[in-house]
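Naming follows writing order (A, B, C and D), and every chain is counted from residue 1.
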Amino acid sequence: MIASEIEIDIRFSETDAMGVVWHGNYLKFFEDGREAFGKAYGLEYLTIFDKGYFTPIVKSEIDHKAPVYYGQAIKVITRYVAAKSAKIQFEYEVWNITTGELSAVGKTMQVFLDKESRTLELLTPDFYRLWKEKNKV
Amino acid sequence: MIASEIEIDIRFSETDAMGVVWHGNYLKFFEDGREAFGKAYGLEYLTIFDKGYFTPIVKSEIDHKAPVYYGQAIKVITRYVAAKSAKIQFEYEVWNITTGELSAVGKTMQVFLDKESRTLELLTPDFYRLWKEKNKV
Amino acid sequence: MIASEIEIDIRFSETDAMGVVWHGNYLKFFEDGREAFGKAYGLEYLTIFDKGYFTPIVKSEIDHKAPVYYGQAIKVITRYVAAKSAKIQFEYEVWNITTGELSAVGKTMQVFLDKESRTLELLTPDFYRLWKEKNKV
Amino acid sequence: MIASEIEIDIRFSETDAMGVVWHGNYLKFFEDGREAFGKAYGLEYLTIFDKGYFTPIVKSEIDHKAPVYYGQAIKVITRYVAAKSAKIQFEYEVWNITTGELSAVGKTMQVFLDKESRTLELLTPDFYRLWKEKNKV
(Lines give C-alpha, C1' and ligand atoms only; values in the text may rest on other atoms or scores of the structure.)
Protein backbone atom coordinates (compact mmCIF):
# COMPACT_ATOMS: atom_id res chain seq x y z
CA MET A 1 0.00 0.00 0.00
CA ILE A 2 1.40 3.37 -0.97
CA ALA A 3 0.29 6.60 0.67
CA SER A 4 1.38 10.15 1.37
CA GLU A 5 0.72 12.79 4.01
CA ILE A 6 0.37 16.54 3.89
CA GLU A 7 -0.41 19.15 6.53
CA ILE A 8 -2.66 22.08 5.68
CA ASP A 9 -3.48 25.29 7.55
CA ILE A 10 -7.15 26.21 7.29
CA ARG A 11 -7.89 29.47 5.50
CA PHE A 12 -10.35 31.84 7.12
CA SER A 13 -12.17 31.96 3.79
CA GLU A 14 -12.71 28.19 4.06
CA THR A 15 -14.94 28.55 7.11
CA ASP A 16 -18.68 29.15 6.95
CA ALA A 17 -21.30 30.83 9.13
CA MET A 18 -21.37 27.76 11.43
CA GLY A 19 -17.79 28.71 12.27
CA VAL A 20 -16.35 25.51 10.82
CA VAL A 21 -14.74 24.50 7.53
CA TRP A 22 -17.44 24.40 4.84
CA HIS A 23 -18.00 20.76 3.87
CA GLY A 24 -17.25 21.25 0.18
CA ASN A 25 -13.73 22.45 0.93
CA TYR A 26 -12.70 18.91 1.82
CA LEU A 27 -12.55 18.24 -1.93
CA LYS A 28 -9.82 20.90 -2.04
CA PHE A 29 -7.99 19.09 0.75
CA PHE A 30 -8.32 15.83 -1.22
CA GLU A 31 -6.85 17.72 -4.19
CA ASP A 32 -3.92 18.80 -2.00
CA GLY A 33 -3.60 15.17 -0.93
CA ARG A 34 -3.47 13.90 -4.53
CA GLU A 35 -0.93 16.57 -5.36
CA ALA A 36 1.28 15.51 -2.45
CA PHE A 37 0.90 11.87 -3.49
CA GLY A 38 1.77 12.77 -7.06
CA LYS A 39 4.94 14.57 -5.96
CA ALA A 40 5.98 11.68 -3.73
CA TYR A 41 5.36 8.95 -6.32
CA GLY A 42 5.85 10.66 -9.67
CA LEU A 43 2.20 10.76 -10.68
CA GLU A 44 1.66 14.49 -10.91
CA TYR A 45 -1.11 16.11 -12.87
CA LEU A 46 1.36 17.77 -15.23
CA THR A 47 3.28 14.51 -15.76
CA ILE A 48 0.05 12.81 -16.77
CA PHE A 49 -0.81 15.76 -18.99
CA ASP A 50 2.60 15.49 -20.69
CA LYS A 51 1.79 11.82 -21.40
CA GLY A 52 -1.29 13.02 -23.27
CA TYR A 53 -4.08 12.73 -20.72
CA PHE A 54 -6.46 14.64 -18.53
CA THR A 55 -7.62 12.68 -15.48
CA PRO A 56 -10.90 14.26 -14.39
CA ILE A 57 -12.62 13.18 -11.19
CA VAL A 58 -15.69 11.11 -12.07
CA LYS A 59 -16.71 10.10 -8.57
CA SER A 60 -16.14 11.53 -5.11
CA GLU A 61 -17.40 10.78 -1.63
CA ILE A 62 -16.92 12.50 1.71
CA ASP A 63 -17.91 11.19 5.15
CA HIS A 64 -17.65 13.83 7.83
CA LYS A 65 -16.82 12.71 11.36
CA ALA A 66 -15.96 15.92 13.24
CA PRO A 67 -15.77 19.61 12.35
CA VAL A 68 -12.60 21.64 11.91
CA TYR A 69 -12.54 25.17 13.27
CA TYR A 70 -10.57 28.16 12.08
CA GLY A 71 -7.13 28.23 13.68
CA GLN A 72 -6.84 24.44 13.58
CA ALA A 73 -4.60 22.53 11.20
CA ILE A 74 -5.28 19.30 9.36
CA LYS A 75 -3.32 16.37 7.99
CA VAL A 76 -4.48 14.57 4.85
CA ILE A 77 -3.45 10.96 4.31
CA THR A 78 -3.87 9.90 0.67
CA ARG A 79 -3.84 6.19 -0.07
CA TYR A 80 -3.65 4.72 -3.55
CA VAL A 81 -6.34 2.08 -4.21
CA ALA A 82 -5.54 -0.40 -6.98
CA ALA A 83 -8.03 -1.01 -9.79
CA LYS A 84 -7.83 -3.38 -12.76
CA SER A 85 -9.30 -0.92 -15.21
CA ALA A 86 -7.97 2.39 -16.54
CA LYS A 87 -8.71 4.34 -13.38
CA ILE A 88 -6.91 6.18 -10.60
CA GLN A 89 -8.48 5.69 -7.20
CA PHE A 90 -7.63 7.23 -3.85
CA GLU A 91 -8.89 7.02 -0.30
CA TYR A 92 -8.39 9.93 2.07
CA GLU A 93 -8.29 10.52 5.79
CA VAL A 94 -8.46 14.09 7.05
CA TRP A 95 -7.17 14.39 10.61
CA ASN A 96 -7.65 17.44 12.80
CA ILE A 97 -4.10 17.84 14.11
CA THR A 98 -5.18 20.26 16.83
CA THR A 99 -7.73 17.91 18.42
CA GLY A 100 -6.30 14.57 17.27
CA GLU A 101 -9.71 13.62 15.89
CA LEU A 102 -10.49 12.07 12.53
CA SER A 103 -12.43 14.80 10.73
CA ALA A 104 -13.41 13.04 7.51
CA VAL A 105 -12.74 10.13 5.20
CA GLY A 106 -13.35 10.06 1.48
CA LYS A 107 -12.72 8.54 -1.94
CA THR A 108 -12.19 9.73 -5.47
CA MET A 109 -12.05 7.99 -8.84
CA GLN A 110 -10.39 9.46 -11.94
CA VAL A 111 -10.45 8.29 -15.54
CA PHE A 112 -8.14 9.01 -18.45
CA LEU A 113 -9.25 11.31 -21.24
CA ASP A 114 -7.18 11.84 -24.35
CA LYS A 115 -6.17 15.48 -23.98
CA GLU A 116 -6.85 16.34 -27.62
CA SER A 117 -10.07 14.45 -28.36
CA ARG A 118 -11.34 14.41 -24.76
CA THR A 119 -12.53 10.85 -25.33
CA LEU A 120 -12.40 8.22 -22.62
CA GLU A 121 -9.37 5.92 -22.63
CA LEU A 122 -10.70 2.41 -22.01
CA LEU A 123 -7.31 0.71 -21.84
CA THR A 124 -4.70 1.46 -19.20
CA PRO A 125 -2.22 3.92 -20.76
CA ASP A 126 1.30 2.49 -21.10
CA PHE A 127 2.96 5.02 -18.82
CA TYR A 128 0.41 4.24 -16.09
CA ARG A 129 0.86 0.47 -16.47
CA LEU A 130 4.60 0.97 -16.04
CA TRP A 131 4.04 3.24 -13.06
CA LYS A 132 1.86 0.56 -11.44
CA GLU A 133 4.45 -2.16 -12.07
CA LYS A 134 7.20 -0.01 -10.65
CA ASN A 135 5.17 0.73 -7.53
CA LYS A 136 3.83 -2.85 -7.28
CA VAL A 137 0.18 -1.75 -7.12
CA MET B 1 -41.89 12.23 -3.91
CA ILE B 2 -41.18 15.91 -3.50
CA ALA B 3 -38.58 17.75 -5.49
CA SER B 4 -37.60 21.19 -6.73
CA GLU B 5 -35.72 22.63 -9.69
CA ILE B 6 -33.37 25.54 -10.09
CA GLU B 7 -31.40 26.90 -13.05
CA ILE B 8 -27.89 28.22 -12.51
CA ASP B 9 -25.52 30.14 -14.75
CA ILE B 10 -21.94 28.93 -14.49
CA ARG B 11 -19.48 31.49 -13.15
CA PHE B 12 -16.18 31.88 -14.98
CA SER B 13 -14.46 31.45 -11.61
CA GLU B 14 -16.07 28.00 -11.33
CA THR B 15 -14.15 26.65 -14.31
CA ASP B 16 -10.68 25.15 -14.07
CA ALA B 17 -7.66 24.78 -16.33
CA MET B 18 -9.35 21.87 -18.18
CA GLY B 19 -11.88 24.49 -19.32
CA VAL B 20 -14.77 22.85 -17.48
CA VAL B 21 -16.53 23.36 -14.16
CA TRP B 22 -14.21 22.19 -11.37
CA HIS B 23 -15.68 19.01 -9.88
CA GLY B 24 -15.90 20.35 -6.33
CA ASN B 25 -18.22 23.15 -7.39
CA TYR B 26 -21.04 20.66 -7.82
CA LEU B 27 -21.37 20.72 -4.03
CA LYS B 28 -22.21 24.43 -4.42
CA PHE B 29 -24.84 23.52 -6.99
CA PHE B 30 -26.26 20.93 -4.56
CA GLU B 31 -26.34 23.72 -1.95
CA ASP B 32 -28.29 25.90 -4.39
CA GLY B 33 -30.59 22.93 -4.95
CA ARG B 34 -31.26 22.44 -1.22
CA GLU B 35 -31.86 26.17 -0.87
CA ALA B 36 -34.43 26.09 -3.70
CA PHE B 37 -36.04 23.02 -2.15
CA GLY B 38 -36.14 24.75 1.24
CA LYS B 39 -37.84 27.80 -0.24
CA ALA B 40 -40.39 25.68 -2.09
CA TYR B 41 -41.26 23.43 0.87
CA GLY B 42 -40.60 25.58 3.93
CA LEU B 43 -37.43 23.83 5.06
CA GLU B 44 -34.95 26.64 4.80
CA TYR B 45 -31.65 26.74 6.62
CA LEU B 46 -32.73 29.80 8.61
CA THR B 47 -36.09 28.23 9.53
CA ILE B 48 -34.27 25.20 10.89
CA PHE B 49 -31.85 27.49 12.71
CA ASP B 50 -34.78 29.35 14.29
CA LYS B 51 -36.07 25.99 15.56
CA GLY B 52 -32.76 25.55 17.35
CA TYR B 53 -30.69 23.44 14.97
CA PHE B 54 -27.75 23.40 12.63
CA THR B 55 -27.96 20.73 9.96
CA PRO B 56 -24.41 20.08 8.79
CA ILE B 57 -23.69 17.80 5.86
CA VAL B 58 -22.20 14.54 7.13
CA LYS B 59 -22.05 12.66 3.86
CA SER B 60 -21.91 13.66 0.22
CA GLU B 61 -21.41 11.86 -3.07
CA ILE B 62 -21.01 13.09 -6.63
CA ASP B 63 -21.04 10.98 -9.81
CA HIS B 64 -19.91 12.92 -12.83
CA LYS B 65 -21.38 11.95 -16.21
CA ALA B 66 -20.42 14.81 -18.55
CA PRO B 67 -18.53 18.08 -18.19
CA VAL B 68 -20.07 21.55 -18.17
CA TYR B 69 -18.24 24.31 -20.04
CA TYR B 70 -18.21 28.02 -19.34
CA GLY B 71 -21.11 29.73 -21.10
CA GLN B 72 -23.42 26.76 -20.48
CA ALA B 73 -26.25 26.75 -17.96
CA ILE B 74 -27.35 23.97 -15.65
CA LYS B 75 -30.54 22.81 -13.96
CA VAL B 76 -30.43 21.13 -10.57
CA ILE B 77 -33.24 18.78 -9.55
CA THR B 78 -33.30 18.19 -5.80
CA ARG B 79 -35.32 15.24 -4.55
CA TYR B 80 -36.13 14.62 -0.90
CA VAL B 81 -35.31 11.07 0.23
CA ALA B 82 -37.22 9.85 3.29
CA ALA B 83 -35.33 8.38 6.27
CA LYS B 84 -36.66 6.95 9.54
CA SER B 85 -33.99 8.56 11.67
CA ALA B 86 -33.25 12.18 12.47
CA LYS B 87 -31.70 12.94 9.09
CA ILE B 88 -32.32 15.06 6.01
CA GLN B 89 -31.40 13.31 2.77
CA PHE B 90 -31.44 14.57 -0.79
CA GLU B 91 -30.63 13.20 -4.22
CA TYR B 92 -29.57 15.55 -6.99
CA GLU B 93 -29.48 15.58 -10.75
CA VAL B 94 -27.44 18.25 -12.50
CA TRP B 95 -28.50 18.71 -16.12
CA ASN B 96 -26.53 20.65 -18.68
CA ILE B 97 -29.34 22.73 -20.20
CA THR B 98 -27.23 23.76 -23.17
CA THR B 99 -26.45 20.21 -24.30
CA GLY B 100 -29.42 18.39 -22.78
CA GLU B 101 -27.01 15.94 -21.12
CA LEU B 102 -27.06 14.71 -17.56
CA SER B 103 -23.89 16.15 -16.07
CA ALA B 104 -23.89 14.63 -12.59
CA VAL B 105 -25.95 12.92 -9.93
CA GLY B 106 -25.32 13.04 -6.21
CA LYS B 107 -26.53 12.60 -2.65
CA THR B 108 -26.18 14.38 0.66
CA MET B 109 -27.11 13.51 4.23
CA GLN B 110 -27.57 16.05 7.01
CA VAL B 111 -28.00 15.55 10.75
CA PHE B 112 -29.42 17.83 13.43
CA LEU B 113 -27.11 19.52 15.90
CA ASP B 114 -28.41 21.53 18.82
CA LYS B 115 -27.29 25.03 17.89
CA GLU B 116 -26.09 25.88 21.43
CA SER B 117 -24.40 22.68 22.55
CA ARG B 118 -23.53 21.43 19.04
CA THR B 119 -24.44 17.92 20.16
CA LEU B 120 -26.09 15.45 17.83
CA GLU B 121 -29.88 15.19 18.05
CA LEU B 122 -30.72 11.49 17.98
CA LEU B 123 -34.50 11.91 17.90
CA THR B 124 -36.37 13.58 15.09
CA PRO B 125 -37.04 17.18 16.18
CA ASP B 126 -40.76 17.97 16.59
CA PHE B 127 -40.86 20.64 13.91
CA TYR B 128 -39.27 18.23 11.41
CA ARG B 129 -41.68 15.40 12.30
CA LEU B 130 -44.58 17.81 11.65
CA TRP B 131 -42.98 18.95 8.41
CA LYS B 132 -42.66 15.32 7.27
CA GLU B 133 -46.30 14.58 8.16
CA LYS B 134 -47.50 17.67 6.34
CA ASN B 135 -45.52 16.74 3.24
CA LYS B 136 -46.36 13.00 3.52
CA VAL B 137 -42.71 11.92 3.37
CA MET C 1 -23.91 55.95 -19.24
CA ILE C 2 -24.77 52.31 -19.70
CA ALA C 3 -25.30 49.92 -16.82
CA SER C 4 -27.00 46.67 -15.87
CA GLU C 5 -28.46 45.12 -12.74
CA ILE C 6 -28.56 41.60 -11.40
CA GLU C 7 -29.93 40.08 -8.20
CA ILE C 8 -27.98 37.31 -6.46
CA ASP C 9 -28.89 34.99 -3.59
CA ILE C 10 -26.02 34.49 -1.17
CA ARG C 11 -24.72 30.93 -0.94
CA PHE C 12 -24.10 29.50 2.51
CA SER C 13 -20.62 28.55 1.32
CA GLU C 14 -19.94 32.24 0.65
CA THR C 15 -20.18 33.15 4.33
CA ASP C 16 -17.28 32.96 6.76
CA ALA C 17 -16.80 32.39 10.48
CA MET C 18 -17.83 36.02 11.19
CA GLY C 19 -21.25 34.99 9.86
CA VAL C 20 -21.06 37.35 6.88
CA VAL C 21 -20.12 37.05 3.22
CA TRP C 22 -16.35 36.60 2.98
CA HIS C 23 -14.88 39.78 1.47
CA GLY C 24 -13.20 38.06 -1.48
CA ASN C 25 -16.52 36.75 -2.76
CA TYR C 26 -17.46 40.24 -3.91
CA LEU C 27 -15.14 39.66 -6.87
CA LYS C 28 -17.48 36.81 -7.82
CA PHE C 29 -20.43 39.18 -7.56
CA PHE C 30 -18.56 41.65 -9.79
CA GLU C 31 -18.05 38.75 -12.22
CA ASP C 32 -21.80 38.09 -12.17
CA GLY C 33 -22.31 41.81 -12.77
CA ARG C 34 -20.00 41.85 -15.81
CA GLU C 35 -21.73 38.76 -17.14
CA ALA C 36 -25.14 40.43 -16.80
CA PHE C 37 -23.78 43.55 -18.47
CA GLY C 38 -22.30 41.47 -21.27
CA LYS C 39 -25.63 39.76 -21.91
CA ALA C 40 -27.50 43.05 -21.90
CA TYR C 41 -25.09 44.88 -24.21
CA GLY C 42 -23.54 42.15 -26.35
CA LEU C 43 -20.13 42.17 -24.74
CA GLU C 44 -19.99 38.64 -23.37
CA TYR C 45 -16.82 36.83 -22.50
CA LEU C 46 -17.43 34.21 -25.20
CA THR C 47 -18.20 36.87 -27.83
CA ILE C 48 -14.89 38.54 -27.06
CA PHE C 49 -13.16 35.14 -27.16
CA ASP C 50 -14.69 34.47 -30.60
CA LYS C 51 -13.20 37.76 -31.77
CA GLY C 52 -9.80 36.42 -30.78
CA TYR C 53 -9.22 37.85 -27.31
CA PHE C 54 -8.99 37.04 -23.63
CA THR C 55 -9.78 39.98 -21.38
CA PRO C 56 -8.14 39.23 -18.03
CA ILE C 57 -8.68 41.47 -15.04
CA VAL C 58 -5.53 43.50 -14.39
CA LYS C 59 -6.82 45.69 -11.58
CA SER C 60 -9.61 45.39 -9.04
CA GLU C 61 -10.74 47.35 -6.00
CA ILE C 62 -13.40 46.74 -3.38
CA ASP C 63 -14.64 49.19 -0.74
CA HIS C 64 -16.83 47.52 1.85
CA LYS C 65 -19.55 49.62 3.46
CA ALA C 66 -21.77 47.10 5.29
CA PRO C 67 -21.78 43.32 5.73
CA VAL C 68 -24.19 40.90 4.05
CA TYR C 69 -25.52 37.99 6.12
CA TYR C 70 -26.61 34.56 4.99
CA GLY C 71 -30.28 34.61 4.00
CA GLN C 72 -30.00 38.11 2.53
CA ALA C 73 -30.02 38.89 -1.18
CA ILE C 74 -27.95 41.41 -3.08
CA LYS C 75 -28.25 43.50 -6.23
CA VAL C 76 -25.18 44.34 -8.29
CA ILE C 77 -25.21 47.45 -10.50
CA THR C 78 -22.48 47.32 -13.13
CA ARG C 79 -21.61 50.58 -14.88
CA TYR C 80 -19.40 50.83 -17.94
CA VAL C 81 -16.61 53.41 -17.57
CA ALA C 82 -15.21 54.75 -20.84
CA ALA C 83 -11.45 54.73 -21.48
CA LYS C 84 -9.46 55.96 -24.48
CA SER C 85 -7.08 53.04 -24.49
CA ALA C 86 -7.64 49.35 -25.20
CA LYS C 87 -9.29 48.64 -21.86
CA ILE C 88 -12.64 47.57 -20.43
CA GLN C 89 -13.50 49.31 -17.19
CA PHE C 90 -16.45 48.83 -14.86
CA GLU C 91 -17.68 50.32 -11.60
CA TYR C 92 -19.89 48.27 -9.31
CA GLU C 93 -22.37 48.89 -6.53
CA VAL C 94 -23.46 45.96 -4.39
CA TRP C 95 -26.72 46.66 -2.58
CA ASN C 96 -28.07 44.54 0.25
CA ILE C 97 -31.68 44.17 -0.92
CA THR C 98 -32.84 42.89 2.47
CA THR C 99 -31.60 45.91 4.43
CA GLY C 100 -31.59 48.53 1.67
CA GLU C 101 -27.98 49.38 2.51
CA LEU C 102 -25.09 49.84 0.13
CA SER C 103 -22.78 46.95 0.94
CA ALA C 104 -19.80 47.67 -1.30
CA VAL C 105 -18.53 49.58 -4.28
CA GLY C 106 -15.72 48.54 -6.56
CA LYS C 107 -13.88 48.81 -9.87
CA THR C 108 -12.21 46.50 -12.34
CA MET C 109 -10.01 47.04 -15.39
CA GLN C 110 -9.50 44.48 -18.16
CA VAL C 111 -7.06 44.44 -21.05
CA PHE C 112 -7.08 42.56 -24.34
CA LEU C 113 -4.73 39.63 -24.89
CA ASP C 114 -4.45 37.89 -28.21
CA LYS C 115 -5.88 34.46 -27.42
CA GLU C 116 -3.16 32.58 -29.32
CA SER C 117 -0.01 34.49 -28.42
CA ARG C 118 -1.30 35.84 -25.08
CA THR C 119 0.40 39.14 -25.88
CA LEU C 120 -1.10 42.46 -24.87
CA GLU C 121 -3.15 44.26 -27.52
CA LEU C 122 -2.10 47.91 -27.37
CA LEU C 123 -4.63 49.17 -29.92
CA THR C 124 -8.37 49.00 -29.44
CA PRO C 125 -9.59 45.89 -31.32
CA ASP C 126 -11.92 46.70 -34.23
CA PHE C 127 -14.91 44.86 -32.84
CA TYR C 128 -14.60 46.78 -29.55
CA ARG C 129 -14.27 50.17 -31.32
CA LEU C 130 -17.47 49.37 -33.21
CA TRP C 131 -19.18 48.27 -30.00
CA LYS C 132 -18.19 51.56 -28.34
CA GLU C 133 -19.49 53.61 -31.28
CA LYS C 134 -22.76 51.72 -31.33
CA ASN C 135 -23.25 52.25 -27.59
CA LYS C 136 -21.96 55.86 -27.69
CA VAL C 137 -19.38 55.30 -24.95
CA MET D 1 9.43 48.11 8.26
CA ILE D 2 8.16 44.71 9.28
CA ALA D 3 7.19 42.04 6.79
CA SER D 4 6.81 38.30 6.39
CA GLU D 5 7.04 35.78 3.56
CA ILE D 6 5.15 32.63 2.73
CA GLU D 7 5.34 30.19 -0.17
CA ILE D 8 2.14 28.70 -1.57
CA ASP D 9 1.52 25.88 -4.05
CA ILE D 10 -1.28 26.69 -6.49
CA ARG D 11 -4.31 24.42 -6.27
CA PHE D 12 -5.75 23.09 -9.50
CA SER D 13 -9.14 24.37 -8.33
CA GLU D 14 -7.67 27.89 -8.22
CA THR D 15 -7.12 27.97 -11.98
CA ASP D 16 -9.76 29.06 -14.47
CA ALA D 17 -10.62 28.33 -18.09
CA MET D 18 -7.82 30.67 -19.26
CA GLY D 19 -5.47 28.13 -17.65
CA VAL D 20 -4.21 30.62 -15.05
CA VAL D 21 -5.00 31.41 -11.43
CA TRP D 22 -8.40 33.13 -11.27
CA HIS D 23 -7.83 36.77 -10.31
CA GLY D 24 -10.06 36.67 -7.23
CA ASN D 25 -7.93 33.96 -5.63
CA TYR D 26 -5.19 36.49 -4.95
CA LEU D 27 -7.32 37.70 -2.03
CA LYS D 28 -6.88 34.19 -0.60
CA PHE D 29 -3.13 34.51 -1.06
CA PHE D 30 -3.25 37.89 0.73
CA GLU D 31 -5.15 36.12 3.52
CA ASP D 32 -2.36 33.52 3.71
CA GLY D 33 0.10 36.41 3.80
CA ARG D 34 -1.68 38.12 6.71
CA GLU D 35 -1.86 34.82 8.54
CA ALA D 36 1.89 34.28 8.12
CA PHE D 37 2.52 37.85 9.27
CA GLY D 38 0.26 37.32 12.28
CA LYS D 39 2.15 34.18 13.27
CA ALA D 40 5.52 35.88 12.88
CA TYR D 41 4.59 39.04 14.82
CA GLY D 42 1.91 37.93 17.26
CA LEU D 43 -1.03 39.57 15.51
CA GLU D 44 -3.10 36.53 14.66
CA TYR D 45 -6.79 36.64 13.90
CA LEU D 46 -7.59 34.54 16.98
CA THR D 47 -5.38 36.70 19.23
CA ILE D 48 -7.29 39.77 18.09
CA PHE D 49 -10.56 37.90 18.59
CA ASP D 50 -9.52 37.01 22.16
CA LYS D 51 -8.92 40.73 22.79
CA GLY D 52 -12.55 41.33 21.85
CA TYR D 53 -12.40 42.32 18.20
CA PHE D 54 -13.20 41.25 14.69
CA THR D 55 -11.04 42.93 12.06
CA PRO D 56 -12.95 42.75 8.77
CA ILE D 57 -11.40 43.87 5.52
CA VAL D 58 -12.96 47.18 4.45
CA LYS D 59 -10.80 47.88 1.42
CA SER D 60 -8.75 45.76 -0.93
CA GLU D 61 -6.87 46.35 -4.16
CA ILE D 62 -5.08 44.01 -6.55
CA ASP D 63 -2.82 44.98 -9.47
CA HIS D 64 -2.00 42.05 -11.70
CA LYS D 65 1.35 42.05 -13.48
CA ALA D 66 1.74 38.51 -14.83
CA PRO D 67 -0.32 35.31 -14.73
CA VAL D 68 0.46 32.24 -12.63
CA TYR D 69 -0.10 28.83 -14.21
CA TYR D 70 -0.99 25.56 -12.57
CA GLY D 71 2.16 23.74 -11.43
CA GLN D 72 3.88 26.98 -10.50
CA ALA D 73 4.47 28.14 -6.92
CA ILE D 74 4.20 31.63 -5.49
CA LYS D 75 5.72 33.63 -2.66
CA VAL D 76 3.70 36.29 -0.86
CA ILE D 77 5.50 39.14 0.88
CA THR D 78 3.26 40.90 3.39
CA ARG D 79 4.39 44.31 4.61
CA TYR D 80 2.79 46.16 7.52
CA VAL D 81 1.86 49.77 6.67
CA ALA D 82 1.53 52.11 9.66
CA ALA D 83 -1.60 54.22 10.11
CA LYS D 84 -2.45 56.78 12.80
CA SER D 85 -6.04 55.66 13.16
CA ALA D 86 -7.54 52.39 14.42
CA LYS D 87 -6.70 50.42 11.30
CA ILE D 88 -4.54 47.51 10.16
CA GLN D 89 -3.01 48.01 6.74
CA PHE D 90 -0.89 45.69 4.63
CA GLU D 91 0.80 45.79 1.26
CA TYR D 92 1.45 42.57 -0.63
CA GLU D 93 3.73 41.34 -3.36
CA VAL D 94 2.96 38.02 -5.03
CA TRP D 95 5.98 36.56 -6.78
CA ASN D 96 5.86 33.67 -9.22
CA ILE D 97 8.73 31.57 -7.86
CA THR D 98 8.85 29.39 -10.97
CA THR D 99 9.37 32.29 -13.41
CA GLY D 100 10.90 34.83 -11.03
CA GLU D 101 8.32 37.39 -12.15
CA LEU D 102 6.25 39.69 -9.98
CA SER D 103 2.70 38.44 -10.46
CA ALA D 104 0.70 40.99 -8.48
CA VAL D 105 0.82 43.69 -5.84
CA GLY D 106 -2.02 44.68 -3.56
CA LYS D 107 -3.27 46.38 -0.41
CA THR D 108 -5.83 45.72 2.29
CA MET D 109 -7.25 47.80 5.13
CA GLN D 110 -8.95 46.34 8.20
CA VAL D 111 -10.90 48.06 10.97
CA PHE D 112 -11.75 46.93 14.50
CA LEU D 113 -15.29 45.88 15.34
CA ASP D 114 -16.35 45.08 18.89
CA LYS D 115 -17.05 41.35 18.64
CA GLU D 116 -20.27 41.55 20.66
CA SER D 117 -21.91 44.73 19.37
CA ARG D 118 -20.22 44.65 15.93
CA THR D 119 -19.82 48.44 16.19
CA LEU D 120 -16.80 50.21 14.78
CA GLU D 121 -13.98 50.97 17.24
CA LEU D 122 -12.87 54.53 16.51
CA LEU D 123 -9.97 54.55 18.96
CA THR D 124 -6.94 52.29 18.69
CA PRO D 125 -7.54 49.33 21.05
CA ASP D 126 -5.01 49.17 23.91
CA PHE D 127 -3.58 45.81 22.93
CA TYR D 128 -2.95 47.08 19.39
CA ARG D 129 -1.31 50.31 20.61
CA LEU D 130 1.04 48.19 22.75
CA TRP D 131 1.71 45.88 19.81
CA LYS D 132 2.61 48.90 17.65
CA GLU D 133 4.95 50.32 20.33
CA LYS D 134 6.65 46.96 20.77
CA ASN D 135 7.19 46.61 17.03
CA LYS D 136 8.07 50.31 16.56
CA VAL D 137 5.51 50.87 13.80
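Here is the rule we use: a residue touches a chain if its C-beta (ideal position, glycine included) is under 8 Å from a C-beta of that chain, and two chains touch if they have at least 3 such contacts.
From a predicted model like this one, the values you see are computed outputs, not experimental measurements.
Novice: Relative to chain B, which chain's C-alpha centre is the most remote?
Specialist: Looking at centroid distances, D is the chain farthest away.
Novice: How would the chain B/chain C interface be labelled, same or different, where same requires over half of its residue numbers to be shared?
Specialist: same
Novice: Could you please state the distance in Å, as a whole number, between where the Cα atoms of chain A are centred and where those of chain B are centred?
Specialist: Here chain A and chain B have centroids separated by 23 Å.
Novice: Averaging over Cα atoms per chain, report the distance between chain A and chain D in Å.
Specialist: 28
Novice: Just the number, please: Cα centre separation of chain B and chain D in whole Å.
Specialist: A distance of 33 Å separates the two centres.
Novice: By residue number and range, which residues of chain B touch two or more other chains?
Specialist: Within chain B, residues 12-13, 20, 24, 27-28, 31, 70 contact more than one other chain.
Novice: For chain C, which residues are in contact with chain B within the complex?
Specialist: Counting only chain C, the residues touching chain B are 9, 11-13, 27-28, 31-32, 35, 44-46, 70-71.
Novice: Which residues of chain B touch chain A once you look at their complex with the stated criterion?
Specialist: By the definition above, chain B touches chain A via 18, 20, 23-24, 27-28, 31, 54, 56-64, 67.
Novice: Can you check the complex and tell me which residues of chain B touch chain D?
Specialist: Per the touch definition, chain B meets chain D at residues 12-13, 15-17, 19-20, 22, 24, 69-70.
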